[in-house]
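Paired with chain B in one complex and with chain C in the other, chain A is shared by the two complexes that follow.
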Partner chain A sequence: MPDRPTGSAEPGNVLAVTGLSRAFGAVRAVDDVSFTLSAGGSLGIVGESGSGKTTTARIVVGLEQADTGEVTVRGRPRHGRARGRAERLARAREIQMVFQDPYLSLDPRITVEAALRETLRLHFPHLDHARRIAELLDQVGLGTRAADALPRHLSGGQRQRVAIARALAVEPAVMVLDEAVAALDVSVQAQVLNLLADIRADTGIGYLFITHDLGVVRSVTDEVVVMRHGRIVEAGPTAEVLAAPDHPYTRLLLESVPRPGWDPDRIAAARRALAAG
Partner chain B sequence: MNALEIRGLRLRLPGTARPVLDGVDLTVAAGETVALVGESGSGKTLTSRSALRLLPTGATTEGRVLVDGQDVLTMDAAHLRTLRTRKAAMIFQDPRAATNPLRRIGDFLTESVTLTKVMTRAAATERATELLDAVGLPATVLDRYPGQLSGGQLQRVMIAAALMGDPTLLLADEPTTALDVTSQAEVVALLDRLRERFGTGLLFVTHDLGLAAAISDRVCVMYVGRIAETGPADTLFAHPRHPYTAALLAAPPRLDAPAGRLAAIDGQPPDLRQELTGCAFAARCRLATDLCRTRAPEPVAAPADPGHLAACHHSELLEGSAAHA
Partner chain C sequence: MSATALTRRPGFGRLAAARAPLHLISLAVVALVVAAALLAPWLAPYDPNQVDLGAALAGPSADHLLGVDAAGRDTLARLLLGARTSLLGPLGVVAFSTLAGIAVGVVAGWRGGWLDSALSRSTELVFAFPGMLLAVLIVAVSGEGLLAPVIALAVAYLPYVSRLTRSLVLAERERPYVAAHRVQGHSALQICLRHVVPNIAPVVLAQSAVNFGYALMDLAGLSFLGLGVPALTPDWGRMVFDGQTAIQHGYPLSAILPCLAIVLTVVAFNVVGERWADQVARRDPR
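What follows is the complex of A and B.
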């Protein structure tokens, strides 16, 4: 286990997670997980299905409650469920989430403009929405023509841009991206990853990037934690962890990435050895 | 004889301005692994499904699709049933969606061969047990329900099911996409072993170029219903002759590349309601000229390698250049 972060509420950290645990029946989905995200930083959580990465993300956002442990955003602890509308909105302004499937995360009946307007109306009732909408669309590389489109008239990549614009609309401190580029085609995925890098450079929003793809981790995160069976098995600066992995599971993940000269038999054997050990 | 031979396949769907498949040529020799690579909408899945004549409603076709020498597109219903149970089999992306959760694995494995009277129930159960062993699962799995198996185990059941009729052609449509990276290796290793042991031709459909390079003898890259480039896996990846292949190789975030901006391909594939004049990739291509926008390129072999074809007017501009510059 990595060291407990010292002084989780220190000003440099926009998000601090300490000793998070969550069990579903006998399964310890998340088991004593701690990490911090520095302001404007990008942290990747890597793992396979059942590693607890998505449950961790859902607890951070507030879609799921932890059995024990604490989530602190901008130094403010979040305890239990949000009480009342004002607190719910305040929490939404702290953390926004972008989901994997852009086809499911937008209301098929309302236009892009209406979706953004609704978010803005909730959070900033006194602002000039038309100008902000144009600004947001521009920020995610969509023309004003997309504003009048229904989700079904947009491609997967365009929809994910809309989902990102909607998350940006509330000016959150942290954006949680749960496999946000996994469903996109290679050529479009690169566009969206570049866009996310630009947005982070411009706004200083911190990213929590949940992914199974080590290539994605390499390109968009500064720090990474590797999860397996609910626990963190390795954590550190992304470049270091990927260049010199300490834990055999991290090594297995790295070797599993297909490339010319790849030996699937050896990986399968390593996987069985690790599962038995 | 080739396990699969597709010649000039053109497939039209109602309500589209251009063919969804536009003159596809593709061969899989017996015992060979061919990867068919493309993004969504490229037609890779339609192409593989055409080998079983699993076509969308209202589709009209031109060209020929030969499995084991017989034309799939024109054969009668009886032959088609034999084709689907004995000659060609498909492994789908999502094993959960391809199995009935209320029926045992044993029933699932033996159903097609007993219904078509290829085997008696006893012989079919014996064959199923044998194949489960070949894919690394115990015979007790026969009495299990799909919900009692993990995704990786269930995909191995799907592979066993595909081999029940001892097919000459195996079609695998993104068979590892729904699996974790570490179980992906296991399924790929297994497919490769079985292909070798049974001499089956394997058409592996994937969006993952790295995976295609790792497992196949030959690769076909599809873009917007056409084969952009085809050639031996290693040369195609080291020296792509089509700008789309080169761009696809450069785009994904890689483990060994320095951090920084990715080489994204601008724009998106043309809409199906739009007619195409010229090369389908022209609008997104850095090398495109007026010629590309007006005349569709024919596949041309590389000077040094007759098996390496690219449909590009300017492929000589790519030759000698590093693939992922």
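What follows is the complex of A and C.
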């Protein structure tokens, strides 16, 4: 069994999720999921597609509603949909999200600068926007020349940097990264992961990393939970879980990563055995 | 997705495949007609209602470049000033049906649920009434004047715009950038107005350009029947009506010219609108 959550009231936890469940018809996409994220920490949620990790992320940021369970950010529980402007803005400053596909998560008609300005105007109407935009672009490693570009003039990596800058502009406590590097080339992936590590060290924003890629988990998370069929099957510090996995599914995930001497037939057999058992 | 295709009338489909020269000619015709309408008071050689009975039914001459109608009025002057009424009417139809259609379509597509059902069913109800009949009915009740038929046709054209908008909004709201803006704390209204509507606008406006041609034809038909436009106002449909008797006397020019003007303008708006929609569809949005 996974470790039970330590409760939202405990200091040091920026995000606490308790007993989250969500069913779509007969399918229990998320089933009694609980975890906590310590302030400035980085938690990975790993699983294959269909394991419920993306639904969990969407519930945490408020794009979906849970059937039961609670999400608490900085000790403040979120119930239902946000009502009113103040509540909406407060929630946005608690949690921001970077989406999987940087080709689709930016409005194709809007320049980088206009996108950042729109966010700043909403959250910090009295700030010097031009200076802050330059700061944000610098923080994500984009030159000021990118400011006037439309998303279609940027590469995938650059677009994902813009999406990160847009999330940072709100100055959130937690950032949810939903497969945020999955759509990028391997070399660009490494750059963006390094960037994210630097940003965490500088700002102390907590990361919730949703991914199917164990390499990503290894390089950027302190702790990890493994999800299968909507349930958490294993949780713990990343290094321990990856070095000595308890659950057969975690072992299977680890063995499924292609490497020299890798035997797909054996993995398939193990997968069938796990599904049967 | 058939729902996002533009709605066109039977027979106009072939225009959709228009090649480049036809498109350029159509653009020129549209520009010419609009310029004529704007500059009519300065271009017209005579007052459109100035009667010169001595020259009635005269052919083209140096005095009257396009001849004179049965009542002795200069055809060129009436064509030029007629362009104003003939374009102003459809413009009103298109402006109202586009604005209201976008509003209805966005609300239906964005909110969904019972509101969507109510709005979609009630706009489909409008489809059941032929637009012309609705216009005839309203004009019969309200009497002369351009406003009544324009409003009637605007209501009749609204479902074309709202149905297209709704289907576009349904596709657009599922795109991640909408979710991203929601997470950023923007209100639904702000996301719709600043992001969703501008992103779907080109397709909707292309439909409206096509609708412009149809509305022009319908309004010309109404004024040919003597409905809507007051008797002395120069208008192309009305000119065709006035020219009927002249045709029987062997002087077809004063009826055929406004006919030509109507056909050319309708076809030109159709080709331009279709071409515009094609370009929008082909353009890579990323």
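Methods note: the second predicted complex is superposed on the first by the 277 of 277 C-alpha atoms of A that agree within 3 Å, B and C clash if a C-alpha of one lies under 4 Å from a C-alpha of the other, contacts with A are read in each partner's own complex, and residues count from 1 in each chain.
By our rule, a residue touches a chain if its C-beta (ideal position, glycine included) is under 8 Å from a C-beta of that chain, and two chains touch if they have at least 3 such contacts.
Owing to the predicted nature of the structure, the values given are computational and were not obtained by experimental measurement.
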Original post:
So, on chain A, is it clash or fit between chain B and chain C?
Top reply: fit
**OP:** In the three-chain superposition, say which chain, chain B or chain C, touches more residues of chain A.
**Re:** B
**OP:** Please state, to the nearest 10 degrees, the angle that the Cα centres of chain B and chain C subtend at the Cα centre of chain A after superposition.
**Re:** 80
Original post:
Does the superposition put A:Thr119 against chain B (first), chain C (second), both, or neither?
Top reply: second
Original post:
Is A:Ser256 in contact with chain B, with chain C, with both, or with neither (first, second, both, neither)?
Top reply: first
Original post:
First (chain B), second (chain C), both or neither: which does A:Asn194 touch?
Top reply: first
**OP:** Considering only touches as defined above, state whether A:Arg109 meets chain B (first), chain C (second), both or neither.
**Re:** second
Subject >> Which of chain B and chain C A:Arg88 touches, first, second, both or neither >> reply: second
Original post:
Given the touch rule stated above, what does A:Ser219 touch, chain B (first), chain C (second), both, or neither?
Top reply: first
Subject >> Distance in angstrom between the closest Cα atoms of chain C and chain B, superposition on A >> reply: 14
**OP:** Mind sorting out which residues of chain A both chain B and chain C touch, each in its own complex?
**Re:** none
Original post:
What residues on chain B touch chain A, complex-wise?
Top reply: 39-40, 151, 180-186, 188-189, 192, 207-211, 213-215, 233-234, 237, 247-248, 251-255, 257, 259-266, 268
Subject >> List of chain A residues in touch with chain B within their complex >> reply: 48-49, 155-157, 185-191, 193-194, 197, 212-216, 218-220, 239, 242, 252-254, 256-262, 264-265, 267-268, 271
Original post:
Which residues of chain C touch chain A in their complex?
Top reply: 175-177, 179-187, 194-195, 198-199, 284-286
Original post:
Mind pulling up the chain A residues that touch chain C in the complex?
Top reply: 61-63, 85, 88-89, 91-93, 95-97, 99-101, 103-110, 118-119, 122-123, 151-152, 163, 166, 170
